[in-house]
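What follows is a pair of complexes built around chain A, which joins chain B in one and chain C in the other.
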Partner chain A sequence: MDAQVEIQLIAAVVAIACAIPGVFLVLRKMALISDAISHSILPGIVIGFFITEDLNSPLLILLAALMGVITVVLVEAIQKTGLVKEDTAIGLVFPALFSIGVILIAKNANDVHLDVDAVLLGELAFAPFDRLIVSGTDIGPKSLWVMGTILLITIGMLFAFFKELKVSTFDAGLSAALGFSPVVLHYGLMTVSSVTVVGAFEAVGAVLVVALMIAPAATAYLLTSDLKKMLVLSVIFGVFSAIAGYWVAHFLDASIAGSMTTVLGLVFLMVYLFAPNKGLIAVMYRQKQQRTEVSLLTFLLHLNNHEEESERHVKHLNEHINWQKVRSKTVLDLAERNNLVHIDKNIVSLTIKGKEFTDLALEYIITNKDEKIEHMKDDFFLFRG
Partner chain B sequence: MSDSKIAIRVDDLTVAYNFKPVLWDIDLEVPEGVLMAIVGPNGAGKSTLIKSILGIIDPIAGSVSIYGKPYDKQRKLVAYVPQKGSVDWDFPTTALDVVMMGTYGKLGWIKRPGAKQKKAALEALEKVGMLPFKSRQISQLSGGQQQRVFLARALVQNAAIYFMDEPFQGVDATTEIAIINILKELRKAGKTVVVVHHDLQTVPEYFDWVTFLNVKKIATGPVKDIFNDDNLTKTYGINYKVAVNQ
Partner chain C sequence: MELSDYFSQLFSDYTLRTITLGTAILGAICGMLGSFAVLRKQSLLGDAISHAALPGIAIAFLITGTKDSNILLLGALVSGLIGTFWIRGMITKTHLKSDTALGLVLSLFFGFGMLLLTFIQKQPNANQAGLDKYLFGQAATLVESDVMLMAIVTGICLVIMLLFWKEFKILLFDADYTKTLGFNTRFIDVLITFFIVLAIVLGLQTVGVVLMSAMLLAPAAAARQWTNKLSVMIVLAAIFGAFSGVFGTAISASQNNLSTGPVIVLVAGVFVVVSFVFSPGRGILFKQLRKYQNRRDLKLQKTLQFMFDIAKTHENISHPHAIKILNNFQGYTRASLKEMEEKEWVKVRGQKWAMTEKGYDAAVNLYKNN
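Entry: the complex of A and B
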């Protein structure tokens, strides 16, 4: 395999391995915890490196994962005192652990291949140089084997415990009552996340690994209301950004990890703007529609309340309901298009359909019963809550 | 009383948050087949009592038994409806999927729900009148509909004892009637139902058993015998009438 293909393959595997736990972190509103873990694993990696002198040793991963879990334990312990909130606790714990790692490197590892830059940003381009050699045969880059193993374990856990993860993420109380200990699941997820971060940090660094965990999940969240689809979409976004990021870096001659994260950010921005339901533009459009429909309802109620023709003259609507001209025309058109009113010699009257609609709407406003207006929800945004 | 079975027994239960007792030396016996309200002012420990019976909160002293055995051994006999506000309704899932979660307990770890569980979930949705909404994302449901989905999730557990934490919180009148009718049906079928309840006015109409709680247990027994001014004053203080009229 040539180095280019190998780098893309590693990037894709890292992206998938990060995206899966990322979905659950985002849904549990624990995105910040991944940031904390990605920094506080440093002392674990440094100590492991001093013992083994090998950046790919499994001991490094174990010690670092342990540090990740310790981070979570410390954050929760500080939080439990009730003196500070969770975000403060996170802000206290991870810089402390990270700085211990930084000092350890500065004091002891100045002349070896482990520096703060590499820890923060990683370097995917060098990954293919470090080969895994089994009885004299080169079987590929070491980091591909490490990340591949982590990915397989992650996928295995996901398939085995999907239902448990789902119920404990959605409703920890029910999960506990049913016998699926939320504490066990929480620490299981934290362990998998820690191991993934450790495996990924060499490729993309401690800062950018957070983006790989959180951005794909956050993007997918805007597009679907199904957990399984959210997982699949996260994986697709992660892999797409990894490959696209590689080629951006290739043509710009820039950092691969930096380009990957930039692509992730752009993908998120696009989805944030254009997602069909939760996107910014869709939300703004919906709000505009809702404003128009509230006006429509006000207009219909006005017609319902007034028999006299002077109150129902097209020209007088502006004054009586106190709208701007443009608004009145939009509303009048909307009402006519839906056959709710008819206009005869500039006098507006409710049609039978319009009368029924107004009565239903009135009843809904008074009783707030949802069942009666189910069929209206398809035509109008207003009642969709 | 002595000849009927005891569904839930609580002995000397004490629960504390940060060394401050929230429940203090609670003794409680709930006979099988009653529809019981737990009433008390805010902070009286009503939800905490349910949660410690269900092992969600660890007590610092005391014990709980369900039909004579610890809760751990009797999970499958018990269904639980948490407060609606305790979960994130923006979670990416549908009404049907939430009801399916009720079947997870009997499945145990790793095993996945199949056609049988889906059928049971659909029946439960039908019972609470939510079948037409089965595929709807849960954030698109009204408060009352969300509460009914929660009730369906408990029904699908097909338990002997049902615990519900404020099922009438923030629901419309139709849903309230629908829920209480289902609870009464459960009682008719011999099930035991325990409800954390806020609205004192409806206690005599909805329930046949009541427990007054304010950190300590004030009284427990049949509504017709103990739901009186004396116990209300002991539980809510001198101004309990304000609480009734809220």
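Entry: the complex of A and C
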């Protein structure tokens, strides 16, 4: 196989393997745990290296994954003491462990072929040179095999425990009541995440693993609220960024991991801005509309309260209710278009439909019962269309 | 160099003095502002901001081509602020939660920064080397002007904090109330955030992007354990931070191949562990001791209650009873009986015990107070 194709293949496999646990981390509001794990596995790797003297030994992965689980346990132990808030616990644990790793490397820098830069960044470009040779034949790059195995295990676990994961993610109480221990699932997920982080770590480095885990999931989360669709979408985003990132790096002659993240960032930014329903622009538009709707209600209530003509004059509105001209005009137009008011010689009065609507609104304000507002929401939909 | 050499050379050696002063000031300002971050539950904001500052450094270098640390830090400040406000935008405008927003900004900005850094490294520009010191920080590169800058910023921070003391304090503990009092919460909020970003950016050169968050958090988390008063906490955090800076520099200077950043973080970590365990009010040790003490008291009181139930059936409360009848009662041990005797609740004579007047009163009042 061509080295270029191999690099892209490894990148894509890493992206998929990261995206799957990433979805659950984002949904469980534990996205930052991946950041903590990716930093704190460093001492595990260094100690493993001291023992085996071999950077590719499986013991390294095992120790590092163990370190990841220890991080989670430590964070939870500190949280349980109640001395500091949850996020502070994360912020205290991983820099300390990472520092230990860095110092261990620095103290033994002369006889260790381990470089802190490589730890942070990884180097995908060199991955194809490290071949796996079984009984004399070259069967492909080693990291492809490692990540491929991790990916297969992850997918296997995902299919085997999909409904358990789903229920424990969205309703831990229900999950416990149904007999799936949320604790077991929690630590299972943490173990899978740790192993994935460790495997991906070599290829893309500590910080960028976090990007590969969180960004595709967050991007997908802005587009759908269906778990299966979210998983599929985040895998697609991950693979797309991996391959596009490779070519950007090729073009700029820069770090592959860095450009993969940058592509991920751009994809996220686009979705963040333009996603239908949940994107920034859609949200801003909806908020503006809701503001107008509330203004309309206020306006109708005002009309309902005042019989005298001076209070119902078109000009009076923007003086009395203190609205700007444009806003008063939008509200007035909206009300008239929906036959809620009619204007006669610049005097505004409620129509029968307007009166009914206002009474409904008043009833809701007085009783504060939800079923009333449900009905009105439908009415507002009519205005929009 | 030995540790003792370090301290003897501290006042004669220019480099050593500069670095020590720099890390001490940095520790102090980080502790001070970190207190706000910790109390506002924004602990990991520091982590996100420090990573988000990296592309700013790279872009500042690409535009100006200089390695003047002031210009690079300005770039870091701008991109750190952009990161902060994007996090805020994400949390308020979309349904993404704060952890996702923080993680996104942290990793995406950092990745972009790394792309730029590797891009710069490939450029035919002799001036490019040394940008990667911002990853882990190198206290050794601090010069007097850097320390001056830190001192000035710390001074400004201090003045602003004293000026806006009551606003900061009230916003910290009750944001809604602050709003109803008519304060411009948005302005105060932005002011605090701005200074937190500033402190982080200042530390990048010394501690580096990766470990900066711990510098901000650890002194404050340690100080929190010793007091419930904001002013005391801030002063303590500043002291802890400054000491971590000095000790960290001392240890890393006295050994070969030790970068300053990680050592400072570990020293700060020691402060945290000691505070967690030994602080008298909230520490684990004393909490456990208090728990144990309470449990013993409770046991003693239960035994007393049991004795009281026996004693009150007799005309004379001090009528002696056999110790044997206590054996049925679970809370009773020989040691607890001895303790009760010391409290003069009972008198023990041979194999018999008798309740005293004092013990009787204590038993009667046992459930009255609550």
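Definition applied: the second predicted complex is superposed on the first by the 352 of 385 C-alpha atoms of A that agree within 3 Å, B and C clash if a C-alpha of one lies under 4 Å from a C-alpha of the other, contacts with A are read in each partner's own complex, and residues count from 1 in each chain.
Everything below uses one rule, namely that a contact is a pair of C-beta atoms (placed from the backbone, for glycine too) under 8 Å apart; a residue touches a chain by one contact, two chains touch by 3 or more.
Worth saying up front: this structure is predicted, and the values here are computed from it rather than measured.
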If you stack the two complexes on chain A, which partner ends up touching A:173: first (chain B), second (chain C), both, or neither? first
Determine, under the contact definition given at the top, whether A:35 touches first (chain B), second (chain C), both, or neither. second
Touch check for A:221: first (chain B), second (chain C), both, or neither? both
Touching A:246, do we find chain B (first), chain C (second), both, or neither? neither
Of the two partners chain B and chain C, indicate the one touching more residues belonging to chain A. C
A:357 contacts which: chain B (first), chain C (second), both, neither? neither
Output check: A:299 vs chain B and chain C. Expected answer is one of first, second, both, neither. What do you get? neither
Looking at A:49, would you say it contacts chain B, chain C, both, or neither? Reply first, second, both or neither. neither
A:237 in the overlay: touching chain B, chain C, both, or neither? Say first, second, both or neither. neither
With the two complexes superposed on chain A, say which partner A:258 touches: chain B (first), chain C (second), both, or neither. second
Could you list which residues of chain A make contact with chain B in one structure and with chain C in the other? 29, 221
Per the contact definition, I'd like the list of chain A residues that touch chain B in the complex. 27, 29, 82, 160-164, 166-167, 169-171, 173-174, 176-180, 221, 224-227, 229-230, 367-371, 374, 384-385
Residue numbers on chain A that touch chain C, as the complex places them: 26, 29-32, 34-35, 39, 78, 81, 83-85, 87-88, 90-92, 95-96, 98-100, 102-103, 106-107, 109, 116-117, 120-121, 207-208, 210-211, 213-215, 217-218, 221-222, 249, 252-255, 257-262, 264-265, 268, 272, 278-280, 283-284
Per the touch rule above, chain C residues touching chain A in the complex are 38, 41-44, 46-47, 51, 89-90, 93-97, 99-100, 102-104, 106-119, 122, 132, 135-136, 210-211, 213-214, 217-218, 221, 224-225, 255, 257-259, 261-263, 265-266, 269, 272, 276, 282, 284
Which of the residues in chain B end up touching chain A in this complex? 18, 51, 54-56, 72, 75, 78, 80, 82, 86-88, 91-94, 98, 101, 104-105, 107-110, 112-113, 132, 137, 139-140, 142, 144-145, 153, 172-174
